[in-house]
Amino acid sequence: MKIAIIGGTGYGAVELVRFLNNHPYAELKAIVSHSQSGVELSDVYPHTTDLINIKMEELDIDALSEVIDLVFFATPSNISKGIIPSFIEKGVKCIDLSGDFRLKSPDAYQKWYQSSPADQNYIDKAVYGLSEIYEEQVKGASLIANPGCFPTATLLALIPVMEQGFTDNNSIIIDAKTGVSGAGRSLSLNVHYSETNDNLKAYKLGEHKHIPEIEQTLQEQSGEDIQVTFSTHLVPMTRGIMSTIYIDLTETKSTADIIDIYKEYYKNHPFVRIRPEGTLPTTKEVYGSNYCDIGFHSDQRTGKLIIISVIDNLVKGASGQAIQNMNLLYGWDVTTGLNYLPIYP
Amino acid sequence: MKIAIIGGTGYGAVELVRFLNNHPYAELKAIVSHSQSGVELSDVYPHTTDLINIKMEELDIDALSEVIDLVFFATPSNISKGIIPSFIEKGVKCIDLSGDFRLKSPDAYQKWYQSSPADQNYIDKAVYGLSEIYEEQVKGASLIANPGCFPTATLLALIPVMEQGFTDNNSIIIDAKTGVSGAGRSLSLNVHYSETNDNLKAYKLGEHKHIPEIEQTLQEQSGEDIQVTFSTHLVPMTRGIMSTIYIDLTETKSTADIIDIYKEYYKNHPFVRIRPEGTLPTTKEVYGSNYCDIGFHSDQRTGKLIIISVIDNLVKGASGQAIQNMNLLYGWDVTTGLNYLPIYP
Amino acid sequence: MKIAIIGGTGYGAVELVRFLNNHPYAELKAIVSHSQSGVELSDVYPHTTDLINIKMEELDIDALSEVIDLVFFATPSNISKGIIPSFIEKGVKCIDLSGDFRLKSPDAYQKWYQSSPADQNYIDKAVYGLSEIYEEQVKGASLIANPGCFPTATLLALIPVMEQGFTDNNSIIIDAKTGVSGAGRSLSLNVHYSETNDNLKAYKLGEHKHIPEIEQTLQEQSGEDIQVTFSTHLVPMTRGIMSTIYIDLTETKSTADIIDIYKEYYKNHPFVRIRPEGTLPTTKEVYGSNYCDIGFHSDQRTGKLIIISVIDNLVKGASGQAIQNMNLLYGWDVTTGLNYLPIYP
Amino acid sequence: MKIAIIGGTGYGAVELVRFLNNHPYAELKAIVSHSQSGVELSDVYPHTTDLINIKMEELDIDALSEVIDLVFFATPSNISKGIIPSFIEKGVKCIDLSGDFRLKSPDAYQKWYQSSPADQNYIDKAVYGLSEIYEEQVKGASLIANPGCFPTATLLALIPVMEQGFTDNNSIIIDAKTGVSGAGRSLSLNVHYSETNDNLKAYKLGEHKHIPEIEQTLQEQSGEDIQVTFSTHLVPMTRGIMSTIYIDLTETKSTADIIDIYKEYYKNHPFVRIRPEGTLPTTKEVYGSNYCDIGFHSDQRTGKLIIISVIDNLVKGASGQAIQNMNLLYGWDVTTGLNYLPIYP
């Protein structure tokens, strides 16, 4: 299978390159970057020296379509919506790591992305690629909207319990924390080392564009009109997301009760690991890997369930899940090219 | 005024030394450490080389009481409760940075500290030294129970709003994050660099002994029977605490409304700084200083108020507030020896 | 091929587990740990949850020898020297990651390790496993002394140039820097997060036990009696070693001249990557991988050649090179199970 | 004494503000910033909220000269050389933290700064403000060229021994390491958190513009024509410089011999602290303070003296030493406004 990546200078692209390099069935044929066209990838990312010999190139949809089966878009918002339709028309499958095709409602896109939405025909065609939840839909898709990093960690942790009937699904609070690589490689004072090291920052309280993405999926899964309180924090570390989730229980449930539900729910999904009672996952325990690890504490005093969900934001939160979706798309084993242990310490 | 510190090898002690070294009215006369008795402080903490020439000594209550006016206890739990009564009897004032005299209920102490409480007479005598809130009581105290780090950041951020009558005080969720120095200088895998760096860990969900301390004060201030959901996270940074607090509003209030209330509440309290709308404090912005900075976001979608409160856990969360209480005790200006800018970056 | 690891709770062991888990020809059958015998590996290292299902066990040489072809020793100094002879006698091959069999001179071992050396017969039998340099010897070995982390980064960077005849080989200064994982998982104030974060420490100047290991190999390669000045620094990062090496040139050579020599020397060795003029490798560019990246600056003003050599101390500096040696031993392609891109960022 | 700072948005400026805020004799009257003219300092640096109420302003030399006694230049290279003469003419003293007036040779400035030098009259007038070494000259100066960060750490560590006659002063190698704040607040990939965290980088080997500054002073102090090998490394920490210095001994000297020389040399200089044998200073042990701590190891095997010298790059390496020079200039005690303990941990 022949692959191209569009958006070649960001962290999403370079993680795709890492996984594709060892994938047995997929071959990376082209990396497109407007700003670095003509430059060797290893000049921009010296860690690929001697291993990846690809010059980045300008986008040429016609030429690419003739040699490529699948395109990954690792572009910022507002780029892929203008390009993907042309690829789809030519029969090339697309996996979009940006947010352009995630929201089904054009009004929501307009409001949260402050920009006009993609063509509604393609929005309708797009499958939301939260692999464990939409596995069947992904298998037949031509266009996959790969989920955001915070929604991935949050939704995998919430969906099994909110369907049980013993939670108040309008009580959800998500206190999310992310490492700095989630902000990408662009320059800003917010990712300046001296401003970020030994510093913890809250940002975009109640205003993050991952909110409508989380709510849309929770609503679809539960059939309820759900609104969540969502806050984000920038943690002085490179990789990792933790979502600490609070939800009211309407019946008394022990931590063990909850764990049983999740173990059963994810028993056929190797990339979700449910932690035993008394332990909680840490972000480093999934470093560099495609796992989402989830732990629980049912607080008997206050009747709240607290869920801790961790992922590597660049892997399960972006490029790893994109590879997982490619595996589903072509009927390969879902762990193909992803079956590596986290790097610890 | 002559001062002694008991518990000389911990971070609390060495921060007290830093502030006392430049305090115009207080003189450090003795540092007590059982484990390091006879050793120069600068051998244990080389950053004090040439500047602090004090040998640590064994505890001798009688001898100390003759030359000392005030003792700071920078000891772990379960130490000061056995020693403080003897000092008080001899007319020496005590400021206890540990938790031994914070909880008024002996049952609560027994439950959360897993240990028998202090003598009830001394518990009754102890003033809870949250300086801005209990300023008057501190002024006349002989024994001050210096607050915990999480309670300080949390209570200063909650008390003004929960008295207003437009909040549901049983909806409070506190998602707290701390730097590693809060765990002290003792050795454990939890503070091992390779296990902690580039890692984010949740711990003691719903089980931290700062919970009863927070609830006791909220109950006293509001007259309501309040229970809070409280979780803690270990962040890969040395100093700093952030409490992200969620509370339901029962009336619509804008962020600006809330800020006005806090500005008024703390107008005579220089160590609490209220941030203008649209900005949120970060932990580094109070690094090394005694400030508690608070920012707000009223989430109109979900009707929740989100409060961000930051302190330096070793300063306003421990030794700085202890110095502030000493200033109050002796009628000195509250900023004496504490009026330094945070160190940034 | 059936494999056992002895010393199961350290970072060296858990990195071996990571690489063996994806190795096509080697199967991990046993992990020996005296302190954690009977415990699941995933209880000690939760990042292996669901992926590695092995209980650690007590050492039983006879039982192991019947089912095992090769043993990796990831033990501290002074352990393997007492065990390895028994395995060798029973025909089990051994790769020792500790220093017990590296020094050929028993006097040197006694002096630098402050302990009595291993049986001289086995020292004579041991091959020093610096893979690129001793490739042929490794292929026929029964006992491989896997090199230390600093010697690996340093020797690969020095050997090609010191054989050229235009360097003063007694002028060598090695200023080495390491991440904290090199100190292992044991507890000490030196690896306490709060003492290590945002801190840079020099240690063991001129006294590190990697000095005789470096000198022994330089002497063997050059035939000269060489002594090096060697200092080590602890850098606040988890992984990575950088050796900055200074050597006097006795003839004028440009940076380009030097690069040509190294490119030629390592042309058949995929794990050594020579950087082009004008760029220097950073430690993160080899993170998690088995690469040693080397860059150069010939300082025309002072006539010194400066060499920058980086490795991941736990991979090429320990477990990765051990796997590389296993590959050589069994005639597999040297990159088998090691052909992964570094993780960046 | 009335003070102005020019270059108000950099780290040098904000550290000057921190020290001036508690200085008993100096009053900060103006902060000049072209890019942020009209903006409150606390909008750019929120850690100064409520404490510093100064709007930054455009440069107006005439107006400033009437109300100001002293100007600190915390500007990048190539700015102060065009402004300082006008201030000097009007009788305003200047302390320049940039490199514009440090090099006495206009050719050296042209070569290393790639820019035309300042007016030679003012270069001749400028005193190199390495406070401990040029104390007497500083006292009578009108224009002080405040030293660079690397030269400060290096020269204080080298000058005492190279005057003794038992060193080969052309053998000097300086392996320098710095925290990231030394690169200032400007944006670049080199200070991007995700590229810098858990990463160690060497840069500008043999090409740093602090080289001629170091050599000029060593030559002046020794009367010899000295050239040094100098390399720099970027360490993942915010503050701190360590210079590891290697120099050949021409006579055998013990570590204790060396320490005696330095203790005597600096006995009247409180900001240089000589460490006892067997201990070496770490960068965190001078964090936030004006101290330069120096430790030694005389390597008997190789006849080299290794010196470890640490400073806080923003304090003794920039703003703190500038305050120290101001104190000297006005005859105040040298520690005025600087007598604070380092912040640890």
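A few remarks follow.
Chains here go by letter, A, B, C and D, matching the order in which they are written, and residues are numbered from 1 within each.
Just so we're on the same page, a residue touches a chain if its C-beta (ideal position, glycine included) is under 8 Å from a C-beta of that chain, and two chains touch if they have at least 3 such contacts.
In this text the structure is predicted, and so the values were computed from the model without any measurement.
Contact tally for A-D versus C-D: the pair with more C-beta pairs in contact is C-D. Using mean Cα coordinates as chain centres, the one most removed from subunit C is B. Chain geometry summary: the mean Cα position of subunit C and that of subunit D are 39 Å apart.
Per-chain Cα centroids separate subunit B from subunit D by 36 Å. Here the spacing of subunit A and subunit D, counted between their Cα centres, is 46 Å. Those residues of subunit C in touch with two or more other chains are numbered 11, 181, 194-195, 197-198, 236-239, 282, 284, 287, 345. The residues of subunit A lying in touch with subunit D in their complex are 11, 180-181, 183, 185, 187-189, 191-198, 236-238.
Of all residues in subunit D, only 173, 175, 177, 179, 194-195, 197-203, 205-206, 227-229, 231, 233, 235-240, 242, 244, 246, 280, 282-284, 287, 295, 297, 299, 301-302, 304, 306, 308, 310, 345 touch subunit C in the complex they form.
Remark: subunit A residues 11, 14, 17-18, 21-22, 45-52, 181, 197-198, 238-239, 270, 273, 275, 279, 281-282, 284-288, 293, 339-345 touch subunit C in the complex.
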